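Each structure below is given as structure tokens.
There are two complexes below, and they share chain A, which is joined by chain B in the first and by chain C in the second.
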Partner chain A sequence: MSSKVEFPFPFTSDHYEYTNNSSPLIPARTVTVSSNYVEEVRLKRKLLEENHERCYRSLPISLESQWETLLLVFRELATYEPEHFSFKRRGNTYVFTNHLLQEEETFVYRDHSSIDFEPLDLVGRHVQEDLIVMGDRHDGLFLEAGQLCFPSNWSLTFVLGMEFKTIHTPVPAIAEFIEKVERFITRIRPNTAWERKNWSITISHKLDTPLETYSDWGKLRYHVTKENAGELVNLRVEVQRLFRLPVTNDILFSIHTYLLPLNELVANDDWLKKFYTNVKTLPQELADYKGISLYKPELLGFLEKALKRRKIER
Partner chain B sequence: MKKALKTYRHVLIISDHVHRERAKCKQRELQNRDRFVQLKVISQLGDGTVEALLSEQPIGSALILCGEGALETERVAVSLGYARNDIYIETQQQMRAFCSQCHHITSLVTHERFVCENCRNQLEPSEHYSSYHRAHLAYPVFIESDD
Partner chain C sequence: MKDRYQVKVEQIKQVTPQIKAFTLSSETAVDPFGAGAHLTLHLPMGDRQYSLINNPLEMTNDYQIAVKKVSANGGSHYLHEHLEVGDSVLVSGPDNYFPVHLEAQHVIFFAAGIGITPFLSMMPYLSTLGKTFELHYAVKNVESCPFYEELLKYTEQVFFYSGSREEKKKQVREALENRKIGTHVYVCGPETFMEMVVDTTRELRFPSRVVHEERFRPAAKIRNPKPFRVTVNGGDELLVKENESLLERLLDEGYPVSYACRMGICGSCEVTVCGGEVIHSDTFLTEKEKENKMLSCVSRGVGEIAINVVETNSM
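Up next is the complex of A and B:
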């Protein structure tokens, strides 16, 4: 499949607002294998190798949910992608085979000595998604473990142990909305999954944009021109899924990140028009938050030229 | 520039009653690092009762003032020969700032831009607070001419 065909275009209307744009996902899946699988999994592992502290964090309280996640995701892969993965049990021992990478993982369930990494850190090395375990405690949802290689300008280390609402403090004018979202999450039933899309913009085709390296990649925002936007600017979409783990009752939050260079985006008239109107009507504080304000005139200029070329009315 | 408090061998803390717990906490923190820390609690800073105590301190010791009237006591200390850089005024709003670039935590007296003690990046503290780290996230300050 070409990357354009599978790109999860996020805009449904012609303006942007906070909505709980989550919908139930049937079957209840937590991960997707895309055409970039091998390349992205390799990149994830390289980042984990080089910056383990930045990309993987956990609290001991999360271990049960981590094991649950490991079984869940390996089972899911084998069930829905049997040509690429298989998962078998021999007595107490499980064997997961990744045919795409020609690898095998053998482990005894809940026996830490049988694996080289923590369970979440292990299973995350076989999927493109970033994986977050949110502990559902009586006083809120807490970020208790995460393997995060491709964040959009946030720090896993900083938010470790934090509660869902306060994690969202930096997002402008989100307080009331995010309380509702939290109530929605606490009502998610065991074994069911919900999916939503979140978008932003990345300058250059770079998936790993953690806050920790902002001074490296953030400066590219000053280099956008009407001429180079088609190549340099990428629409970044996160497909986020929430899944209620049935045993521990915690929430597994997965994030699959896709990038689409504007040159490819503008080849689709409907996408071009929707993207243009969304950027144009984006409130100032959100444009600031998403880092778009620095090059918004150049970006709109590029899109307007494309609209004109394709004879689309604004 | 002020040095980190842990670099002083000898520290005197003067606090009023209101800030006593905070001052004790500071004392314990520094004592745990094997520093000599004397704590003096008085009813009101700036009432002129600490001159003798101030002049007894060894040269190069740090002075921490906790409470209303700290500026008055600071003036007294400076007139007795203390360097302003060795005087630390603890206000109620002291902040621990979490460096988003290297994860080091710096204690701040003011909430203004500062330089991370560890990675030397220029940072700006924010409202984003972690009750797990007990610190505010500090974002890098972007210098436009950087390339």
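Up next is the complex of A and C:
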């Protein structure tokens, strides 16, 4: 990805801590079509083809929310990107046309025999986002379905059916905070959306970094040097959206992942400075969790060199 | 969720001598809703909430509500006497504080009188999904009860109660006894009826989380609200008048308090209490939280209180 203009730079202050950095999104949207649309959707489909079990999981209780998501996202695409998508209804039959891929999907609402994949698995093949359905049950918020091709070091198989708080146990010192976040989510009103950004770092320009293939991509963390960091290291930002599905009252959680190579990041003085101070002051346990500790000195060395070259005071 | 838009009255139907059903439609697409959802109508005499009664899966760009005429000059009177086909109404929503939980193995609805309305969307919805439910309906007179024809569709699943209070109590208890784990209970009707059902579920040890109550009004609406003084963030001193809420005062003064329901249900408008006595009137905070928090849309201080208002998203 090289479209710096659309990169959602995540840092707003000089240091980073976990906060509920969610804000309401008006109009309420769940997906974004970026300039890498075709390339990333093709990659998603390839991953789904090759590793379906790893990239798609669902529980039967999620089916109603899956149908709701299918209608919602197709409608949204046709409404906000009418030059690329259209969506028509003839009686009970719907036709979605994807002009970017020259494809058409025809289905009868809530008729499983009318589609080849489960509804979430189908609609996810037309967007760049990973899509997760969180069931809002009387005793918590549970991960009940997901199409997940681009996770940042987590496993869909592992979290399927898990409760929101439990999903977050690997995150350091988050227990009390995440309980409040859960209450915040339970208060989200129907048909409204909230957006937040999460960030981490990926070594190499790779979107698909699931826990299952850690042995392939994780070892690259040992190869970072002050010299190659500009090419090898990418700032990874997830734009996450929470949307309350009005009919089932469940939550649709979408994740759009963006990667920016550091060579491009450092060309923006403000970004360079903010990124540098955030990494430098990142608490040890967060650096460990995000996998940065292994190459933090090399990374800081690279950034300091860039600051010096651009005559920016630290 | 849409805030304040116009819909048109497309149809008015006399359901019983006291109840009219209104179909509201729009030329632009209206938002989908879930069973148990309600619409807020902004009427000259104030805001009123009414449950949507159509099947969410068969909604064709219209909202249907049913309104019982209760007093001579309230919102229901206005809707009954002044609203005609073709008129416009200002509305917000739909919103939903009474959603159906699909994880239920079986659902028991308890309704009294016009409290039937949320179940009119839930029953066809659950039927479409092939889920089991039953309705226990307390009415004055069975044949002339609201939506009698409608309910006949579910003969096997509907049980009418029309006896004395004692008889009803006994029937409610019988209906709730020996239920399987995974049964969810939904109640809507007058306060005394809801209390009776909820108390019975407690006696029978239903987990409180499977007992769902429809509450449009705060649990304990504060009668005769009195003015009170508030110190905010250790600085500003404000006076909240008897006819306004703390939330309204804070918003007027430019404090960034978020809010959604304004009914003490959603918890959005929480502020921290650092001193003074508070009358809580919400249905959201836990007892523990009430020790140092209040929901500014409904709860009020006594005399003088001190609060802290933090920025919307920090937790």
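Note that the second predicted complex is superposed on the first by the 312 of 314 C-alpha atoms of A that agree within 3 Å, B and C clash if a C-alpha of one lies under 4 Å from a C-alpha of the other, contacts with A are read in each partner's own complex, and residues count from 1 in each chain.
The rule is simple: a residue touches a chain if its C-beta (ideal position, glycine included) is under 8 Å from a C-beta of that chain, and two chains touch if they have at least 3 such contacts.
Small disclaimer: the values here were computed from a predicted structure and weren't measured.
Superposition model on chain A: chain B and chain C are shown accommodated side by side without a clash. Of the two partner chains placed by the overlay, neither chain B nor chain C lies in contact with A:H112. Of the two partner chains placed by the overlay, only chain B lies in contact with A:P170; chain C stays clear of it. Once chain A of one complex is fitted onto chain A of the other, the partner contacts of A:R183 are limited to chain C, with no touch recorded for chain B. Look at A:K46: by the touch rule set out above, it reaches neither chain B nor chain C.
Once chain A of one complex is fitted onto chain A of the other, the partner contacts of A:T248 are limited to chain C, with no touch recorded for chain B.
When both complexes are overlaid on chain A, the residue A:G218 reaches chain B alone and has no touch with chain C. Contacts of A:S155 after superposition: chain B is touched, whereas chain C is not reached.
Comparing chain B with chain C, the partner in contact with more residues of chain A is C.
Between the C-alpha centres of chain B and chain C, as viewed from that of chain A, the superposed structures give an angle of 90°, to the nearest 10. Taking all C-alpha atoms of chain B against all those of chain C in the superposed arrangement, the shortest distance found is 15 Å. Common to the chain B and chain C interfaces on chain A is no residue. Residue ranges on chain C touching chain A, taken from their complex, read 1-2, 31-34, 37, 56-57, 94-96, 99-103, 129, 184, 209-210, 260, 266-268, 313-315.
By the touch criterion stated above, chain A contacts chain C in their complex at residues 19-23, 61, 64, 68, 110, 135-139, 177, 180-181, 183-184, 187, 189-192, 246-249.
Residues 53, 155, 157-163, 166, 169-170, 211-212, 214-215, 218-219, 222 of chain A are the ones that touch chain B when the two sit in their complex. By the touch rule above, chain B contacts chain A in their complex via residues 98, 100-103, 121, 126-133, 137, 139-140, 142, 144, 146-147.
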